[in-house]
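There are structures below to look over.
Across the two complexes that follow, subunit A remains constant while its partner is subunit B and subsequently subunit C.
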Partner chain A sequence: MSLDTLHVEQVVQGIKSREFSIEEYISQIFERIEKVEPKINALVTLNKEEGLNRARRLDKKIREGKQSGPLAGVAFSIKDNICTKGMKTTCASKMLESYVPAYDATVIKRLMTADAIIIGKANLDEFAMGSTTEFSRYGPTRNPWDISRVSGGSSGGSAASVAALECTASLGSDTGGSVRCPASFCSAVGLKPTYGLVSRFGLVSYANSLEQIGPVGRTVSDVVSVLNVIAGSDENDHTTTTNDSKPTYLLKERNGLRVGLVTEFIKGADSAVSKVIYKAVDTLEKQDCNCEEVSLPSVQYALASYYTIATAEASSNLARYDNIRYGFDMNPEGYEWNSYFARARSNFGEEAKRRIIVGSYVLSSGYYGKYYMKAHQARSLLKHEMENLFQRYDVLIGPTMPILPFKIGERIDDPLKMYLVDIDTVVANLTGMPAISVPAGFAESLPVGLQIIADQFAEQTLLDVAYSFEQAAKVQRSPDL
Partner chain B sequence: MTTIATKIGLEIHCQLTGVKSKLFCRCSSDYRGKAPNTNICPICAGLPGTLPLLNKKTVEFAAMISLALGCKLPDEIAFYRKNYFYPDLPKNFQLTQYNAYNITSIGVNGKLEYISSKDARIRRVQLEEDPGRLVYASGNMDTSVYVLIDYNRAGVPLVEIVTEPDFIDPKEVRMFLDKITSIIEHLEVCDTKLEGSVRCDANVSVDGGNKVEIKNISSFADVEKALRYEITRQRTMTSREIQVRSETRHWDDARKVTKESRTKEEEQDYRYFPEPDIPMVVLGSEFVSFIKQSMPELPDKRKERFMSDYGLSDHIAKVIIGNKELADFFESAIAVYLSPKEIANWIVTDLMSFIDERTKKEEEEEKEHSLFAGLKVGPEHIADLARLVDQNMINRATAKQILGQTVRTGEMPSALAKKMQANRIDDVSVLTQAVQSVFDMEQAAVQDARVNTNVANFLLGKVMKITKGKADPKIVLEMIQKKLKED
Partner chain C sequence: MVVTIEEVKHLGWLAKLEMSDAELQRYTTQIEDIVNYLNKLDTIPLEQVEPIMLKKKFSELRKDTPETFEDRVLGTAYMKDGFVKGPRMV
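The block that comes next holds the complex of A and B.
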């Protein structure tokens, strides 16, 4: 029996009913990793020994009839910018190449309490800065559907490992689309929750006001199972909401919703992509959804606003990497501290450096009002416009990515061209609203994702639409490898 | 028209030692005396992935200080990142507050009367985190080849008080700092006796010249010295027609001079922007009235109360209020025995002279501790003494003598008085006999004494020796003088 193809609920049920043991399942996962990892490069650190030991301990717990957690045994990969106590957390950067956190992120604590198993840390663009996972110190993660193409990013390792059956679910982080983009490119389901729904404590900050940790799975059901474990307020993160300290989401179909197809999103997409999305609209309409095109004019400011705010915050967040308290081996002998800092910090990768420089620039005195303040005004405008639309629509939809997964190296030398692919995803980060990417179909044998956006904390509505669509569309998930 | 020759402005930092934990984490705010880098956690060490958690108590304390300094409080406050690289900053930015773009720190536009009819304007009061501490291997920046960093202090809550350049001489500054000390002591937000708990930077310009910043003044006591040195330096330059440069100078604690900063301080661009991880803190009128209600009595109010309730004079009340410890001592004493004026007099005139004497000694040793350190006297002693005097048990001269002993030994004045009474030779015939025998033995001196009155003291000494000091010298001297006239 092939256990690596099972979904979260199937794994949990199978273990509960003693159909198979956690050890058997985890062993198969590691066999799969051994087989496909050389092609995909989704994982930067493997947790094999401890993963298998934990599997045996959990098996024993279950044999003894003790209560097990809601994710008992489920194999996770964790994006390598989420702190795992005692396990290297590198952010795919030279700056943290040997960094071992002294504490677990809140989401990791919650997964552990739910009896999940971490099989390894997932590849990403350095400090989550990128849309392809090409800016990783460990090399690019390859798209399981065509290994000559990018997996998307920055949570490329998370989405690719899920699609390639190297784990059952994953945690990524989404600052401007970093969960949804690779989910779309790899035909997986990826959710960016409402800002404040999931604790960021232990997520290595890239742009604090924009990002959320989000689950990646092969089905909407997987995402719901994981979200139910990680969502909820946290005393270690003052930006988590206090309205509902422990929300629970249900998996249910719901028809007859009001759906707005965002004109700017669909018009800006490649025709191969938009064709698949129009088909998705048909599918939704067959489920009695009322779909109409709506305009979101402020989208024109979204990218500029996003890159201004994100780089500003990043330039400050990344200042702490001076190689004094942690980092890599570099002898300070003979350096005055300023030159030591400069020398050590020259080890950031090209994209991280680019964003530090841009961010420092937009915050410098005399430019703050011109760029940073303006970016926030655009952000408010966009939020206001979206809130108005949610008076009339339950969800807004469009393509997650305006283009199909492209060749590795194709855009790496043209940052502006690279940034443009984030146009559809950054909107949810700027407005704090939840958004999900669900597989919509294929064009030229490559996956296309449908993005669904809902109003703040309307995750249930979002998941209802995603699940209904998934049930009707029946899009293939993991490819043959 | 007279021109104001000297302009001084201050930037005061006081640690909120009255709170238990650091500004953004749960570590203890009491970092003193701990082994290096043991009073830290992932948050204050700035480890990747950590988020600041605002200690709400510090906001209350900073609000109290702001109100005490007559500042306006905004409806909500935010924290800002001040970005600069320095090895004592774990995150290479400091979380502080900022006044720009219609946002203000917790207190703005205040005013404090620090001596009668003299005000200093307070530009702002802001809440921020202390950095870590750099420890130079050889004890000095110039001669060390490496530096050690201790992050135990990193994240300790600080309140920064910035004044307008409203002081015209160092003496005014000293009085202002005394007032600030008394206020923060009364609010119980800062124990100013702890080393490094209050620090002060000053900026000074003379004759409309360039402004010079003096940093690194680690105690209030040195501010006056630093300013005097710097004013003299600037005046000397001006008199020689050398232009004073606008610069930052450091106070050299050991040599008591200001000196040029070794590292050239460039025009820094701190790239301030709001900290995204700390949501805006809403204050509002409800909060302000809550703070006003829960605020301890301020020194000015207390002084008024001392004058109206206890009939103390303005001068006496001012001296007592000048130091919270003294004022607390006074209130404890009158709780034991309610004779406020008598007790206040004993404290201000006699007890203070013992304190001053000890402080003088300390200044040579550069120590700072409690006002009463080394003196074995408590409020109950002064209360006891006042009662003895009030009830005419002892005269003032004896009382003074007794206080001198109490301060050294901690014995109760009433016990000392009893002892003295028991030992005293009251018997006139015994004293007469003693005087007579001295007159018999020292005939030459008696002759001299008739001409030179000072010699009477020599005779008194002889009598005291015979009586082993148990005679009342006042009575004996009267007897000697009487006898000299008689014979």
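The block that comes next holds the complex of A and C.
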């Protein structure tokens, strides 16, 4: 029996009913990793020995009839910018090459309490800055559907490991689309929750006011199962909501919703992509959804606003890396204070350096009002426009990415061209609203994702639409490898 | 707007980033492209828009009490007499 293809609920049920043991399932996962990882490069650290030991301990717990958690045995990859106690957390950067956290992120603690198993840490663009995973010091993660193409990013390792059956689910982080972009490129489901729904404690900060940790799975059901474990307030992250300290989401189909197709998103997409999205609209209409085109004029300022705020926050967040207490091996002997820092910090990769400088530029005296304040005003404008639309529509939709997964190396020398692909995803981060990418179909044999955005904390509506669409569209998930 | 090599060099110094001449050259051109794109923000009439103010009620912060970690938490090999060694100040 092939256990690596199972979804979260199937794994949990199979283990509960003693159809197979956790050890059998986890062993198959590691066999699969051994087979496909040389092609994909989705994982930067493997947790094989501890993963298998934990599987045996959990099997024993179940044999003894003790209560097991809601994710008992489920194999996860974790983006390598989420702290895991005793397991390296490198952010795919030379700067944190030897960093071993002394504590678990809140989301990891919650996964562990739910009896999940971490099989390894997933590749990403350095410090989550990128849309392709090409800015990782461990090399790019390749797209399982065509290994000459990018997997998307920055959580490319998370989405590719899920699509390539190297794990059953994954956690990524989404600052400007970093969960949804690779989910779209790899035909997986990826959710960016409402800002404040999931704790960021233990997530290595890139742009605090924009990012959220989000689940990646092969089905909407997988994402719901994981979200139910990780969502909820946390005393270690005061931006987590107090509205509902431990929300629970259901998996249910719901027809007849009011859907707005964002004109600016669909018009800005390549024709191969927009064709698939128009087909998705037909599918939703067949489910009695009322779909209309709507305009979101402020989208034209979204990317400039996003890159101003994100780089400003990044330049401040990355200032902490001085390589004194942790980092990589560089003897301070013989250096003067300033020269040591400048030398050590020259080990940031290209994109991180670029963003630190752009961030310092927009925050410079004389430019602060011109860029940073304006960016926040544009953010406010966008939020008001979205809130008005949600008076009339339950969800807004469009393509997750305006283009198909492109060739590795194609855009790496042109940072601005690379930034432009984030145009459809940054909106949800700037406004704090939840958004999900669901596989919509294929164009030129490459995956296309449908993005669904809902109002703040309207995750249940978002998941209802995503699940109903998934049930009707029946899009293939994992390629042959 | 023109971003100069001197500006990028100065920002690099402020941000404590050592850059080679080739890097400086490349970043200056790229950063100029990026900043020109960000100038889009200048084209909207934003005078009447207020920046986002937080209205949300946030959760209580944890109590600020010291915590002792069991394991060795520092990632550096450069220690002396129980203290972390850093570069000299002057």
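Heads up, the rule we're going with is that the second predicted complex is superposed on the first by the 481 of 481 C-alpha atoms of A that agree within 3 Å, B and C clash if a C-alpha of one lies under 4 Å from a C-alpha of the other, contacts with A are read in each partner's own complex, and residues count from 1 in each chain.
Going forward, a residue touches a chain if its C-beta (ideal position, glycine included) is under 8 Å from a C-beta of that chain, and two chains touch if they have at least 3 such contacts.
Since we're looking at a predicted model, the values are computed, not measured.
Contacts of A:Leu416 after superposition on the shared chain: subunit C is touched, whereas subunit B is not. Touch criterion not met for A:Ile108: it reaches neither subunit B nor subunit C.
When both complexes are overlaid on chain A, the residue A:Ile324 reaches subunit B and subunit C alike. The partner of subunit A that touches more of its residues, comparing subunit B with subunit C, is C. Touch criterion met: A:Ser365 reaches subunit B, while subunit C stays clear of it. When both complexes are overlaid on chain A, the residue A:Arg354 reaches subunit C alone and has no touch with subunit B. Applying the stated contact rule after C-alpha superposition, one finds that A:Cys91 touches subunit B and leaves subunit C untouched. In the superposition on chain A, A:Val100 contacts subunit C only, with no contact to subunit B. Comparing the two complexes, residues 99, 102-103, 235-239, 315, 319, 324-326, 332, 337-338, 341, 360, 364, 373 of subunit A contact subunit B in one case and subunit C in the other. Residue ranges on subunit A touching subunit B, taken from their complex, read 81-83, 89, 91, 96, 99, 101-103, 105, 200-205, 207-209, 235-239, 312-313, 315-316, 319-320, 322, 324-326, 332, 337-338, 341, 360, 363-365, 368-369, 372-373. Those residues of subunit C that touch subunit A in the shared complex are 3, 7-8, 11-19, 23, 27, 30-31, 33-35, 37-42, 44, 46, 49-52, 56-62, 69, 71, 73-78, 84-90.
Only residues 86, 98-100, 102-103, 196, 233-243, 245, 300-301, 303-305, 307-308, 315, 319, 324-327, 329, 331-333, 335-343, 345-346, 348, 353-354, 356-358, 360-362, 364, 370-371, 373-381, 383, 415-416, 419 of subunit A touch subunit C when the two sit together in their complex. Here subunit B touches subunit A in the complex through residues 42, 45-54, 81, 83, 85, 87, 90-93, 101, 146-147, 149, 269, 271-273, 276-279, going by the rule given at the top.
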